[in-house]
Structures are given as structure tokens and as C-alpha cells.
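Next up, some structures in C-alpha cells.
The following pair of complexes shares a single chain, chain A, combined with chain B in the former and chain C in the latter.
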Partner chain A sequence: MSALVPALRRLPVHRLRGSNNEGVLVLCIIVLSLVVGFSDSSFWSLPTLLNIGSASLENVVFAMAVLIIIVSGGIDVSFMAIGIFAGYGVIVMTNHTGFGASSAWVGFLLAAGIGILLGTLNAAAIAALRLPTLIVTLGTQSIIRGVLLAYVGAKVIPNYPHGLDKLSTNYLVTAHGSGGDTRLNILILPAVLICVAVSLLLRYTTLGRGIYAIGGDPESARRAGFPVFGTQVFIYVFAGLLAGIAGMMHVTQVQLANPYELVGGELDVIAAVVIGGASIFGGRGSVSGTVLGVVLIALIKNSLILLGVPGTWQRATVGLLLLVGVSAQALSVRSRRQHVDVLAEAPA
Partner chain B sequence: MSDLTERMVRRMLAERNLFGLAIFAILVVVLFSIVSDNFLSVVNFQSMGFQVAEVGLLSLAVMLSMLTGGIDLSIVSVANIAALVAAQLFKSQHADSATGGQALVMTVGFMLVGIAAGTACGVLNGLIITKLRVTPILATLGTLQLLNGIAIIWTGGMAIYGMPDAFLNIGTGYVAQIPVPVIILLVAAAATAVFVNRTGIGLRMKLVGANSTAARYSGLNNDRVLMMTYIASALLSSVAGVLIAARSASANADYGASYVLLAIVIVVLGGVNYAGGSGTVTGVVLAAFVLQFVSSGFNQVGFNNFLYSIAQGCILIVVLGINSVSARWSPSSRFAILGRRRRNGPGAASSPPAALAGIAPPGAFVRSDPDQLAGGRSQDPGSPPEGENQ
Partner chain C sequence: MTEEQPLLVAGSLSKSFGGVAALDNVTLEVRPGEVHCLVGENGSGKSTLIKVISGVETPDSGTITMDGQAFARLTPRQAISLGIEVIYQDFSLFPNLSVAENIAVATYVAGGQRTVRPRDLRRSAAEVVARIGVHLDLDARVEELTVADRQLTAICRALARDARVIFMDEPTTALTWREVQALFRVVQSLKESGVALVFVSHKLDEVLRVSDRITVLRNGAVTVTGDVSQFDRPAIVKAMTGMVLTDTSPADSVRSDHAPLLEVEHLGLRGLFEDVSFAVRPGEVLGVTGLLGSGRTEIAEALFGVAPADHGSVRVDGKQVRLHSVRDAIAAGIGYVPGDRLTQGVFLDQAISVNVIAGSLDRLVGRLNLLRRGKAQRMVDDAASELRIRMSSASAPVRSLSGGNQQRVVLAKWLARDPRVLILNSPTVGVDVGSKSEILDMLRAKGREGMAIVVISDDVPELVAVCHRVLVVRRGRISDELAGERLNEQAILKELAA
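So, the complex of A and B:
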């Protein structure tokens, strides 16, 4: 590895690697696709693509929420609780009151609203009490999940309001295969739109650059004139909004509202974001890398099934991938740091 | 005499968090003993003891890593590996039909093998953190998934049964009315306290946690300290795992996934500084008992688990919120570390200690490349000087 890296760097190819290892991820995806494709020709087909799309659809939106928070130097373990609270809560509310039952739009708007409210809870504790993000979101995760199961409902709901029911079977593409049809829900379009919006936000707005600045060093960001408090509030409210929408997408897609779902899967999404090149210390990370990270994990899970590997291997494989990803990242940071040689005087 | 009084007052002030927690514990006990008739019964305290032991041991494991400024998320996976190894050995040797001395030898032997296997996972954590320089939170997130994955592959998601009574007694027996797991927890807590407070390695762990850069310049071998920390953490987790197997009479790849977050809640509630450097074993054990009191009390009053979940989250945020706000208003130097966190902003829990205050020798020139001064660490001579430009 140590001999290979400098040799590779002399080639212009290394520019393809991207600032957050996006190139490496693309390479992984291509190599994996080729390997799986050669051993099982049915891999190269539309159903595979649709399966991966369906599997990534909601995760990519959750991952956007996590990305923004990780870029800002924080970490969130409450987003799944927010997601299922919003998704399940909207189904319960609409079934009870009949409000907005005919339109899926209303459902998603309500979910977004619930997400914003719950995100505000996080924002208040983090920005006002100045508590560390991991601890606050651990607390809010328990609270949100507890309120959902104790007061909103603890039963699986199979009957959906009319509007959401229609949306859940509104497919963008359907592939007819021998083993049945594979479908991709129309929700992939809003998911892509959200990724584009987050990308534009992070890249081209002052607010987005402020998120990177805070993640790099909050004190420097403050002295550079970024409103740290306001940006923090925005980050957690916006992440709540995204989590609410993603939760609604999940509930819509599975066509069965189960309040026990999602929570517990936080670490998988965080793993995808980290594999996608975001630095856990903040200040680094990109939408393209995150999307690739989510897709890579979905692809691996999908190909393990195709290759006939038992489903029990999935978790270990993703764990190994995460360890390899973060080790590679740590090693590259280390070799970069070795050449920075600045003298600084320690405070006496 | 006045010197002694002064020292006691100082100590009381320094452990204000512990003091508050003790008062909170008493309040909870008083409240529930008024509301529920059975709360103050021996049986209830015994049943609480069985539950608190496992999570208390896991919390001590998290505490050790948090003292060094890191975190160990892999505790439950490690515990399950230890439990599975022991259970598999019992099963393959048909230990449940063994009797007398043979069963005893098997129990002790296989338990130790299980604990050794779990501790080996700690070596893995340590190697990833010290050799590959991966942040503890990510390294242990990875091993959490990897070890859990290996356990799932191994068992196919099934539980393993077939342990001898001698082994099960460890998880369900009593000594003088006190559940054995509680005794194990207290012994482990005492050992951890000695390890942290009375040994050189314990002091070094706190120094590394308070300021890893300063610790390195003071001549400490940070890598060795971290290695020992994650091995000790895995050892405690493995003991918890064996206890879990002995109490539930089975071992399972997916047992206790929710314990990871619960253990972190307990440790932070127990007054351990999440940025590293300080914390007491007493606080952690007390916090474990407090949460168990609340959980058990809720149960007795007829509240469901979900309400307990809400209470747990509220306690965490309220207690820490009060600490954080009061720390901001206190000019006392005791809060130097809290001050550092405040400067770094809310995200500082997952960021490395950046400030070079405190332990660094006054006026020392510090190079931003600690690896060169530390020496002995391998360098990469072939890399071009421009590094990776973005």
C-alpha cells in the first residue's frame, strides 16, 4: 500500500479520485458490478437497477440529513426516530381525522412539518444548552420513540388513506421478469431532487459554506463572521425536515406502517455517509460521495443475494467495508499531515 | 483539622455531580416507595440487581474508553462474542449432562475461554485505533458491525443453548440474599476504580483523555495507553457477556443491541466527561442504579417501557443541560475542560482535543506534527511533499 500510493499519484489518474474518494467508490461499484455480472448474468438487467434504486431511495434522503450534520462536525442518532415518528404519525392522524386523506401531498407536508418540529427539539438542546450532539440526539431518540409508542400508537397499520395508497403503487418503471415484476416507485424523483437541492445548498450558498466552516473549526467560523448559532439551528431543523420526508417515503414504500421499524438502523446510514468520504470531525463531505456510499452498500447487499451468499453475511460484509473505508481515509489523512510542518507556540 | 475540613469541602465541590446524582437516587427511591408498595421489598431489589449488573459492566467498559477521549461502541458485540464462544464450548462438550467436578472445571474453563475471546476483540479495536489511526467512534462502529456480522454468520441467527447448572448459577444464584451478578459488578467496579485511580496506566489514560497532544509531549506512549484501554474495555464487556449467557441460559448474536446507547447514557449521567480526562467509577455505578430504579419503579406503577424510554431521554438532557448551563456561569478553574468544549462548540464530543492548554510545558514550542517528535512511528518516505491537494 505504502509503495503503491506514491506510484499511483504520479499518474494523472489520481485526479479522478475526487476530493472525497468519490472516484474510488465509483471504481468499487464498477468492479463489483463486473465481478457479480460475470458470475451471474442476470445481474446485468433492469430489475437489479430497480432493486438498488428502491433500496437506496429512502436511505439516500436519511443520508442527506446525516451528511449535513456530519459536515458541521456533529453526529445524529435520532433521525430514524424522527422519520418513523413522522411517517407513522401521519398515517395515524390521517386515518383518524380524514384530513388530507385524498392527497399524498398533504401527507408529505405534514410529515415534513413533524420533522421540522422534532428537529427544533434537537436544535434547541444543541444550540441553546450547548450539549454535545451525540448525547442530545441519544436523549431525543429515546424521547421521540417513547412518545410515538406510548401515545401515538404501537400497532402495525395496514390500511392507508386513499392518497398515500395510490402513491404507494404509483411506479415510475416496471420491469417484467420471470420471477415476478420489479418496480421502482415514483418517489425516486423527489429523492433525486432532494440530493440536488442539498448539493446546491452545500456548494453554492453562504449558509452551506458556513456549515463546512463550522465543521472545520467553530471558533474560526465565528471569527470569520458566520452566524454559528443560527447555522446550528438551521442544520438540525433541516435535518429533521429531511428525516420526516424520508420516514414518510419509507412508510409509503413498504405499504405497512410499523412503528417499531427504522430505529436501530442509524449506524448503517452513518456508515454509508462515512464510506462516502465525509469526515467524522466535520468540514469534509459531499453529496455525490454520500449517494455513492448508499448505492455501494445497497449494491453489496443485492449482489450477495445474487451470488448465493447467505443473507447472514450482509452485516459482516458491510462492517468490513466500513472498516476498510475509514482505515483508507485515516491513512490518507495521516500521509497528508506528515508534510504540514508549521511551528506554533503553545500557550504558556 | 481545618486542613482536613477544607479538603473534604473541596472534594464535595469537585464531585458535585456525584452529590446531585446521590440525591436524585434517594428522591427516586423515596418517590417510588410512596407510590408503590412493593418497591422497597427485598425481592424487588434482588430483581433490579440481576438487571443492573449487565448494563453496569458495559457502562464501566464505555467509561474506560471515554476517559481517554474516545468511545467504544462495540461493547455489546464483544459481549455477545464472549457469550457465544462460551456457549458453543458448553454445547459441543455436552456440558449440561456433566456432573460434579467435571461440570465445575468446564464452567470455569469455558468461561475463561469466552472472556479471552472477547478480550481478543479488544486487541482488534486497539490495533485499528493505534496502528491505522482510525477515530475510536468509527473504528468501534466498524467492529460493532463486523463482530455482530460474524456472530450472525456463525449462529445463523439462532440462539445457542445447553449450559450446565454450575454455569447458570452464576447468572441466577444468590450469596447471602445478594444476587451473584451484583457481587460480580461490585468486584469489577472496585477493580476498575483501582485500575483508573491507583495505577500508572489509569493516570495515563486520564492524561491522554485530557489532552492527547500534551500527553505525547510529556513522553507518554499514547498508543500503548489506548491499546490497554480498549483491551480493558473488551474484558469488562466480555464479563458482561458471560453474565448475560448465564442469566438467560442462552447466547444470541443479537442480544442487547439497545444496551450500547443505554451504557453511554449511564456513563455520561455518571459524570464522565465525554471529551475525556475525568470521571469516577462511583458515579457510573450510581447512575446505572438510578436508571434501574426508575425503570423498575415505572414497571411497578404500571407504566410501560415506552414511558421509561421518554424518562431516560429527559433525565439525560435535563441533567446534562443543568450541568452545562451551571458550568458556563461558574468561573472556577475546575471547569477548564468544560471551557474547552464550549469553545469548540457543540460538535466537540467527536472532535479531537485541539487545545494545547494545561499540561504542555510553558513556553514550549510545539510542532504541529507530533509524529516526528514522538519517534518510533513508521514514516512514509516515498510520499511527494505536496500531499493531497483538494
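So, the complex of A and C:
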């Protein structure tokens, strides 16, 4: 038995599957693209690629925040509320005061700062008071959204400060088509950069390994000397920061600041992270898997539109995908615990 | 090495919780390269002593001296940096991380390093593993490992942090006989490199075999300490309990004139065991032993319908029964006390009374399926007095009880149903000596009442003390049956090792 496991691990099939089922996700994406492409050849085109890129770029940043939290054994449902609070808040603030109106950089820094503040709220309740993460973030989600609508504003704002306005039409690629142009915003670059940074953080820093350790067994992490409290504070503050940036990306991209947006869309991101191999029980998950999960969900939503499936079915489909992802995890855990074939393999 | 300078001295440590003395002037001396065994019943203060020495608890008075340097108290970090390591029963590993990371990552944390290079991690883990000469798959996730390999991983982690004294809490409990031998070889190589080991163990035979010196605790105080050569089994038991306990032989209760109560014929489950046949008469206690992974637990689980057999037949009291589910087994009059008490046997956070009646609710309900409280209360009272469960109140959670008393609650739950056949898997694991002998007495008594009992165990003295016959399972088949003259400790050990 002990010799069999490493032998299996060396098999190419096993390696292709990836430690978080990345291989399976790639396969899903390819198969889906082929199927949709055969029923509608306009699918295989640059505009599709750009659409999926645009749809993914903010979600992938939200997903990085959720990934870190899920790996640590928690769950967050407040990130969208933080995102829209930061994004919409910055537009209101800058329009109102004129501070930093000429620079998109200032806008993003402000959004990041707001994200950090709101993340601290989660961190305080979760790390210091040791409250359950789902309940805390459900609460903060409602509080943040309530404060946004009551005190910051409830109107849709079409006019942006100069700097953000310019950024919103700064495209990396534009595809001209018969039905109009499709574009991909330059913001895809910082989104990719954030993914790389989170990946490095999780894999090559003691802090990042501490997040996995806490997700594996918090008590053991404490006994091993990991600063559990500090790490948890970091996790929720950093997630707030990422959510703030992602919210700003969203507001910039849609060119219309709507405080009612984002909240309610948590499912897409959480589903993407779980399908990407992160364990809801904590301790497992990767950036590559999460990115593939986000792309898969964007692809499915895009294809459903293309295939003429009513929009109302999109949520149901994402929900179904979430269940499939969770079941796949549960099944793989069960299969690893399978009984050893005693008759064949018992020690001599 | 008798007069060597001690490495660690816990001097006159006292600690009380809420006025109750958990440690009373306890002195423990550990010399370099020795195996020191700390024995005592549950609640004797062993855990508190370890916690104080490793910095988890603060002593009220006394000193901890490491290498001649005295401390009034230690923090967990200080203890680790001095080389004091504790391997708890749960090992405190990260199931989701690789073996290499589990071994090496704590040194990174302790060293205050900010970045981790997987290659360095693996290399330093490989060095430690090679040092004690064991084989571990460094890339496997810990959750995929056997208990024995997890323990080796925990030992390697301690060594990676330059451990000089390693405390091991019940290190052999979950190991098979063969794995215990492997552990002892590792212990031998650690001793030679000057590392001291302190074992906390209930298994007296192993204590006597592997230790150099023994310290016995009772009620928070040291009753005796000295070289292992000065002790034999009864002497240790007496020091632990204050009484003289003898392992008696099985009760003369087999009703050989009766037809067997349980008859198992050619039972098999693909890949796990096959062609298992035996019969148990009323009053008979049948032992089943084998290495962990031999199929002994699987046979028991098949008889209780947990993982039903796929061929063969089972008769209870002469009647053929279908055992496709736990319900079937209970209906047939079979009770099963599982091996993993904590996860399968009890509801830890529920009251003792709730646990006792949990298996017999159908017998306690009146009209409208409502629970009859008076009847339930009587059942709990009867069980508590028959099994001598020591508890403050029947509404206290089972978690608050000692291991021995928890096991009595599990037994009470099944005995409340009055099963015809009772199957027990490792009934005395993690149970102190006093409770153990009472549990065995209880089994003998149930035998006398005419119950058919099957005990699955690898505790050899226990098998000899309570069983009329012992079946040895190897590779999913019954390889031998020991009875009468042939039923003794040496014979069983030889069969297990073969």
C-alpha cells in the first residue's frame, strides 16, 4: 500500500488531474467550448474571449479574497457589499469633494482603504471575538449595504470623475464585429497581477502556509507556533482590500455607479472558488483552480445566453454547479478513505 | 547511565484548580537517552504535569530545570526552544498538508522566517526522516497516512525542532502490534542519539518492556519512582491504584449443553475477509484478534450490519438472520460496542442519561410515542449502579467523564437493550487499570447470565483474562483457534507475529 500511493502519484494521468482538479476543469472548459461552438460557430471568436475576460476580471479578484478565507476554514458573504460600498462610495466622494478627481490611481487607493476598514470590521468580530464567519459576514453584509443605501446614496450615478472616466474607456483589446465592438478593459492586467501575487503569497510565504495550516487544524496551528490571531486579522483585512479593489474595477467597467449592484451575486464567486477545488472545510484550494473556476462560470453564463437559455436559468445553473463541485469534493474524500483490500494487500 | 546528570528536572511542582490539587509536590527527573514511563490512572495528574512542563499551564510552585537552568514557569515557545516537545494523542498535525511540510514548517515559524521554499522544506524533512531510519512518503498528505505513519511524522517534527525530551501521550494505543515494534525500534535509535523520551501509557506490559525508569502518579502525587528492574506488573498496579488487582481467568460459564447463540458460516465480504465461520454458545466469551488491517474490525462491522457481508450466513439462536443494516442487527438481538468510542460510541456533548437511553428509546415510549420519563430514569439509575459509573450527575455531558467511565456509558447503552449477542471492539483501549478490571468483571458477569460475547482486541493479557477461546484473523481469514492449554499470552503473540 505504502509503495502503491507514490507510484500512482507519479502516473501522468494523476498529475494532469492536478492537486485541486485543475485538469478536470480545463477539460470541462474545452468540452464546453467545443459543444457550444458546434451549435453556434460565432462562439469561436475573439469577441467571446473578450466577453469572458471582461466578465471574469472583477470576479477573479473577488474570488481571490474568497479563496484566502475559504482556505483558512472560513466563509465570507460580505465581500460584494464591501466591493460596491467601496466602488460607489469613491464615485460619490470624488464627485462631491473633487479630491483626486483627475487620477484613477487615487480612486483605487481610496477604494482599497475603504475595503481595509470594512475588512477590519469582519476581522474584529471573527478573530477577536471568535464568532462563526458565516453569521458575522451575513451581519456585516447587511450593515454595510444598509449604511451605503441610507447614508452614502441610493441613486444611480452616470457621471464619473475625470480620471476614472478615462480609465473606463481604456481598452487593452478591441474586436470589431458586425453587431458592434467588443472590448477588454486594461484592468485585466492588474487583475492578473493580483492573482499572481496571491498565488505567491499562498505558496511561498510563512504567512500563506499559515493560512493553510489554520484551515487544516487551528489548534495544531497554535501549538506549532503560527500566530493564529494575527493571521486571521490579516486574512479578513486583506480580503476587504481585495474586495474594495474588485468593487472599484466593477464600477469603472460598467461606467454607471449603481449601489444596488453586486450584492446578491456572491454565489457566482463562491461557486467558482469551490469548483476550483477549494475545500469548504478549509485547508485546501489554489489560485490556478480558482481562476479556472471563475472562467468556467463566465463561460457557462455566456454560452447559456448564446444558446438562447432564459437568463432566469443562469442562477439555477450556477447553483447546480456549486452542488456538483461540493459533491465532487465529498466523493473524492470518500474514495481516498476507501477500505484497503485486506485479502490482497495485508502485510505478510 | 544511572548516575548521569539529569536533563530535565521538574522539581516539587504543585498546581491546583479551584482548590483541588492536581499536582502535589511532584518531582520528575528525566535523564538524557532514557525512556521514562509516567503511569497513573485517569485523573492522577499525568496530563497536568505534562502541561506544566510544556508551558501550557503555570505551576503554583516549584521549578522546571532544563540543563541546569531553572525556571519558575515556561511559555509554550520557551519550552519548545529548550527542546521540550509533547506529542499528543491527536498528534497535532495538519491533515491537509504534506508530510514534508508538517515536519519542517514549524521550524520556519519558530525561526521567524517569512518565506518558504518548498524544496528546502522537503530537504530538511528528508534529513530528519533519514536520521531515524524510517520510510515516509514525504509528498503524501498526512490525511492519507496510517496512524503509525502519522505518529512517525509527529516524531520527526519534534526532532526537526531539535527536541531533547519528547513526551508521548499513549503512544501505542492506536497502533497494531507490528507497528508498536517498529515504534520501539525508532525509540531505540532516539535513545542512542541522547534524546530522552517520556511515555505516558496504560499498557503495563509495554511499559515494562521498553522503559528504563518508571514514575507512578496517584491523586496528583508521586507514589514511587525507580529503575524498571525494581518493578513487576502487580507492583505497578498497586502503586497506581493502591489496591492489588489480579487478572483472573475467564468465568466457568459456557453452557456447552446449549445450542450456539451465534452461528456464523462462510461469511465473506469481497476484498476484506472470506470464509469466516465460528459459533458462540451462551455464556461463552470468544476473543477475535489480529493485526490492525487484518479484517478483524470488518468482520465485527459485518455482523452489526455496518458494512454487510456479501456472502455466507448468520444464525442467532438457531434462526437465520439478515444483517443488511444496523437496524437488522439490533432486531436480531446483536449489540456492538465500537472501537472508536469518541466518534462512534457516544454523543460526547450530550448528558450521560441521554446516552444511556439512546439505544433503547423504542422500549421507553408509551402512547403517542412519548418518552416515559420515570421508566427512562430507572434505566439510567440501574445502569449507573450496575456499571458503577462515577459521575456528578446524570445530566452532566459524557465529555466530562474519564475514559473508563465514558466506556461504561457506551456499555450501559447496549446492556440496556439486553442483547443476546454482544460484540465489543477494543473495549478497554484508553481505559485506566481500575476501570479495565471492572469492565472485564462485568463481561464475565454478563457471560454468566447467558449472553454470548465476542471481544475483538489486540490487548493480549485482556484476551487471556476474559476469553474462553480466541480466533486469530490474518489477511481476512481465520488462521487459528486457541483454546484450553494453548490459550496463553505467548501463543497469541506468536500467532500475531507469524
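One rule holds for everything that comes next: the second predicted complex is superposed on the first by the 326 of 348 C-alpha atoms of A that agree within 3 Å, B and C clash if a C-alpha of one lies under 4 Å from a C-alpha of the other, contacts with A are read in each partner's own complex, and residues count from 1 in each chain.
We take it that a contact is a pair of C-beta atoms (placed from the backbone, for glycine too) under 8 Å apart; a residue touches a chain by one contact, two chains touch by 3 or more.
The structure displayed is predicted, hence computed values, not measured ones.
When the two structures are aligned on the shared chain, A:206 is found in touch with chain C, with no touch to chain B.
Judged by the touch definition given at the top, the superposed model places A:49 against neither chain B nor chain C. In the overlay built on the shared chain, the residue A:215 is in contact with chain B and with chain C. By the document's definition of touching, neither partner reaches A:29: not chain B, not chain C. In the superposition on chain A, the residues of chain A contacted by chain B and by chain C overlap at 2, 5-6, 9, 215, 217, 219, 282, 336, 339-344, 346-347. By the touch criterion stated above, chain A contacts chain C in their complex at residues 2, 5-6, 9, 203-210, 212-213, 215-217, 219-221, 223-226, 279, 282-284, 336, 339-344, 346-347. Listed in rising order, the residues of chain A touching chain B in the complex are 2-3, 5-6, 9, 19, 72-75, 77, 125-127, 129-136, 138-150, 154, 214-215, 217-219, 228, 232, 264, 267, 270-271, 274, 280-282, 310, 312-320, 322-323, 326-327, 330-348.
In the complex of the two chains, the chain C residues touching chain A come out as 76-77, 80, 92-97, 101, 105-106, 108-110, 113-118, 135, 137, 139-140, 143-144, 149, 178, 271-274, 291, 293-295, 298, 307, 474-476.
Interface residues of chain B, counted against chain A in their complex, comprise 73, 128, 132-135, 137-139, 141-150, 152-153, 156-157, 257-258, 261, 264-265, 268, 274-275, 304, 306-314, 316-317, 320-321, 324-325, 328, 341-352, 354, 356-357, 360-369, 371, 379-380, 382-388, 390.
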